[in-house]
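We just call them A, B, C and D in the order they show up, numbering each chain from 1.
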Amino acid sequence: MDVGFIGLGHMGAAMATNILEAGHAMTVYNRTPGKDEVLVRKGARSAAKLSEACRGEAVVTMLADDHAVESVVYGDGGLLATLRTGATHISFSTISVALSERLAADHAAAGQRLVAAPVFGRPEVAAAGKLFVVAAGAPDAIAAVQPIFDAVGQKTFVVSETPKAANLVKLSGNFLIASVIESLGEAIALVSKGGVDKEQYLDILTSTLFTAPIYKTYGALIVEGKFEPAGFAAPLGQKDIRLTLAAAEDLRVPLPVANLLRDRFLTLLAHGGEKLDWSALGSLAARDAGEAVN
Amino acid sequence: MDVGFIGLGHMGAAMATNILEAGHAMTVYNRTPGKDEVLVRKGARSAAKLSEACRGEAVVTMLADDHAVESVVYGDGGLLATLRTGATHISFSTISVALSERLAADHAAAGQRLVAAPVFGRPEVAAAGKLFVVAAGAPDAIAAVQPIFDAVGQKTFVVSETPKAANLVKLSGNFLIASVIESLGEAIALVSKGGVDKEQYLDILTSTLFTAPIYKTYGALIVEGKFEPAGFAAPLGQKDIRLTLAAAEDLRVPLPVANLLRDRFLTLLAHGGEKLDWSALGSLAARDAGEAVN
Amino acid sequence: MDVGFIGLGHMGAAMATNILEAGHAMTVYNRTPGKDEVLVRKGARSAAKLSEACRGEAVVTMLADDHAVESVVYGDGGLLATLRTGATHISFSTISVALSERLAADHAAAGQRLVAAPVFGRPEVAAAGKLFVVAAGAPDAIAAVQPIFDAVGQKTFVVSETPKAANLVKLSGNFLIASVIESLGEAIALVSKGGVDKEQYLDILTSTLFTAPIYKTYGALIVEGKFEPAGFAAPLGQKDIRLTLAAAEDLRVPLPVANLLRDRFLTLLAHGGEKLDWSALGSLAARDAGEAVN
Amino acid sequence: MDVGFIGLGHMGAAMATNILEAGHAMTVYNRTPGKDEVLVRKGARSAAKLSEACRGEAVVTMLADDHAVESVVYGDGGLLATLRTGATHISFSTISVALSERLAADHAAAGQRLVAAPVFGRPEVAAAGKLFVVAAGAPDAIAAVQPIFDAVGQKTFVVSETPKAANLVKLSGNFLIASVIESLGEAIALVSKGGVDKEQYLDILTSTLFTAPIYKTYGALIVEGKFEPAGFAAPLGQKDIRLTLAAAEDLRVPLPVANLLRDRFLTLLAHGGEKLDWSALGSLAARDAGEAVN
């Protein structure tokens, strides 16, 4: 396929590389110049302007938040104005359900198509082309861009013909991860104050009932109190919980655990946690219990 | 070894069978007569009175709650009065941290020993002799009863020389399972009201980030709304959260997720959920969201 | 003074009447025609267009929400475009802190002034001219419009030179009222299920420690289960809690009680409570306790 | 009447004085000798042993907690063993609903009567004889001891023929006060971080909608951060929330605000707050928001 790629952060750069190496033609655009050098050396064209990345069959966006996506879609020379009729916007970013709905409507009105396809996986998983893709959109649009999904991920789950459903699934997944961090933080604070060794405790949990990798990964961060450098920074975690709660509010679904996570993130940020990994919220139960947090 | 065994419920009967089949001499006692028939056929002696089960090197208790344990330990002809000097009480039951502390002190005063050894695993795991044993007590006492642990479990974790630490670990583990049920219940309510198929959603979760069996087991129960017959009944789950909160109160560890679980269990029981599996608490988020619960 | 008045709902109509009767010249505008008849009979001019209400020294807005205020401020012929230099926008509405901040900046850039002056009191208090006004803005701007405040209220509290501070105080006040409703709902559910008569219980509370009128007013509504017709509808209450949480998020202040109120409102709305008084959230504790709600 | 009086703490001493000055014959007993000197000078007899205080028509207990009450009722020479047939135990203490139920049954079995009569009011109110008495028990038993209530209080509310109902009302009242402290703490943290002066804010609240004295009293303590000396110490507040939650658990009434209060108290105590007034829980919202707590 001939695709544009917008957004060369940690995740985006890895994904673009895999798409390129799968043999697709690519025009890359990044707000910050110079970030595309490696890709250009591998054969990508560099777009001087946003619009140059919008001339192919599809354009991929992998950006930090709603605001960044809005600016490339609705801005001057943006996707809405320049994508050709029938072309597809593949939105990999973790954005709000509300923005996804608006994008779907606006692209449709412009004769374009939106496939929402948020991904699960950290940067090293993205580099290995082993992401999980959760896609939603018109079946033929998804079928057409499946080669792109195959390049970045190990498996694609198609959840709906309505794009925003994929964004909802992605947000709910991050909510579930954060809830694991919180629960682990509470349990570790409890047994630790009760005299049990934290490392051994985590070993017991992860070798018996809680064998999923997220328990090992986040449990170890909490036990070691090692929250820097951030793999996924607290403000991004806070954003995802905010978007989860916003979606839940529109759907009128009370989410008490998400509320608690919201407060935990605010506490973390109010105490200077901007640069910490989001797993640092798992240290707050110990703090409330009067334990020195390492 | 020559051991007594008290408590032939689903879990206890399976564990006693495995101990017997490992070649140990066993005297069994159960409040309800007749429950020991199968074991007697396999070579166990049947104790007419509680005291007859207390004459060996160790006596095992696997009972429903604090009250049941207190009645066999402190009652007439009970463990405290009849266990010989140096004999060991192996307490497999999920009891309170406070009772475990009291048992340890009273057994010590009587020249006896307590090893707390709560187990993780459902009845079918117990039947297969594949439980996980979390043990705490004097090192030599634990070493002496290790053959019993080997008969019932696949692995023993020794967490402390203080018995109550093992009970705390067990309670915290059940708290973590219940928190998974709650979080899953919230996430499923959210995406389902947002139009995503619940079964597919669970499949996505459990084949990507949440691969631990508890997500599959409890997720399926929530998705199907199938809470009867109970594998682990709601009142038992409520009891464990109450004991977790009690231990946390003594240690002064705030546990906001456990509080939420407490309320969920009370709501469940206030609506006639006595006989439901504890995973039914995962249906309450959908109920609050106005969704018909299947 | 010569003032414009925009927004003739229950509260606005009462306030406009009092301003008019205090001797001020008034031009009224309402989106729905005909609502100004009574005021015109009392001497007000009727504005055919929004801009006609913006020609005096000040223009008052008393509207339902952010959206309504934005449309009259930023819309065609709106306040921003038509207020003269030095004129003051008196914003009585309960709006978000964020919008108040934006209005202040935009009015300042246009050479106009903003005084935020949300009010406390139900419609009957407004009719009696006995509202409490919480005002913020430039001291001389507030001094200049004090006669307007004197016409609608019994007392003015000036809290800051920054308008948004007044909006924050107003939102926090509604949060406190809602928290009284919730706490009362829980206490009433508890003692009632424990066999105590609800009416007598409320009488004890309000004649001893909880003598503030809000306890009597809202307590009676909860005890009687009488939530229609709504004095202040649930969706408005939900809006105010949402705005409180949004302001708290920007300031990074965790508010656990507000989170709970958020969920209560969502539960209420998910069960068809759109038209109920916001005090209906005080019935949800009893519902969770399995009590038939009258 | 001829009454015994047990428990000469701040509250008890004041109440005993008022009963004595109302002309009743009194025998006082306190575990710590010497505390009864003032009362003896005013005409009370001093009991050398507990049983000497149990010989009249009624005996009053005003003690710190369940444990203290249990020890005088069930202990050697205690009320149960020594009160004469038909005599009444007036229990003013704030005790658990469960203990009240047990006392009622045991006194009845012994041919004695129990009137539960917890009181509302701080020590200075007790000194003035202006307490509010919430009484429950057999109507004729209450009628018989009404002169005692008249001596200590300004008004008696009879809520039930079952004593424990009065204890439930008392606990729920303390829950409501604590919930006011928490809500105020959150609101003050919010507006203060938003730049509003805390003292002025409290003045606005208490001169408009929140005129009940508890808002003034506790609001001032929070605003000033003045939590010592304690009028009602944090461990007592924690105890009452624990008893409220225990009663609610037995009745299966979820109480989310009470859960939050439980965690707040644990946080307070985990940070060395044993000697602080319970209103110190109102400082925790500001602490979570990263504000220096004065």
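Definition applied: a residue touches a chain if its C-beta (ideal position, glycine included) is under 8 Å from a C-beta of that chain, and two chains touch if they have at least 3 such contacts.
Given the structure is predicted, the values throughout are model-derived calculations rather than measurements.
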item: Chain copies touching (subunit A, subunit D) - same or different residues, decided at half shared; value: same
item: Label of the chain whose CA centroid is most distant from the centroid of subunit A; value: D
item: For subunit A paired with subunit B, centre-to-centre distance based on mean C-alpha positions, whole Å; value: 38
item: Mean-CA-position distance for subunit D and subunit A (Å); value: 53
item: Subunit A residues counted as touching two or more neighbouring chains; value: 248, 252-256, 260, 263, 266-267, 270, 288-290
item: List of subunit A residues in touch with subunit C within their complex; value: 242, 248-249, 252-256, 259-260, 262-264, 266-267, 269-270
item: Of subunit C, residues touching subunit B in the complex; value: 263, 266-267, 270-272, 288-290
item: Complex contact set, residues of subunit A against subunit B; value: 97, 120, 132, 134, 155, 157, 159-160, 162, 164-165, 168-169, 172-173, 175-177, 179-180, 182-184, 186-187, 189-191, 193-197, 200-201, 203-205, 207-215, 244, 247-248, 251-258, 260, 285, 288-290
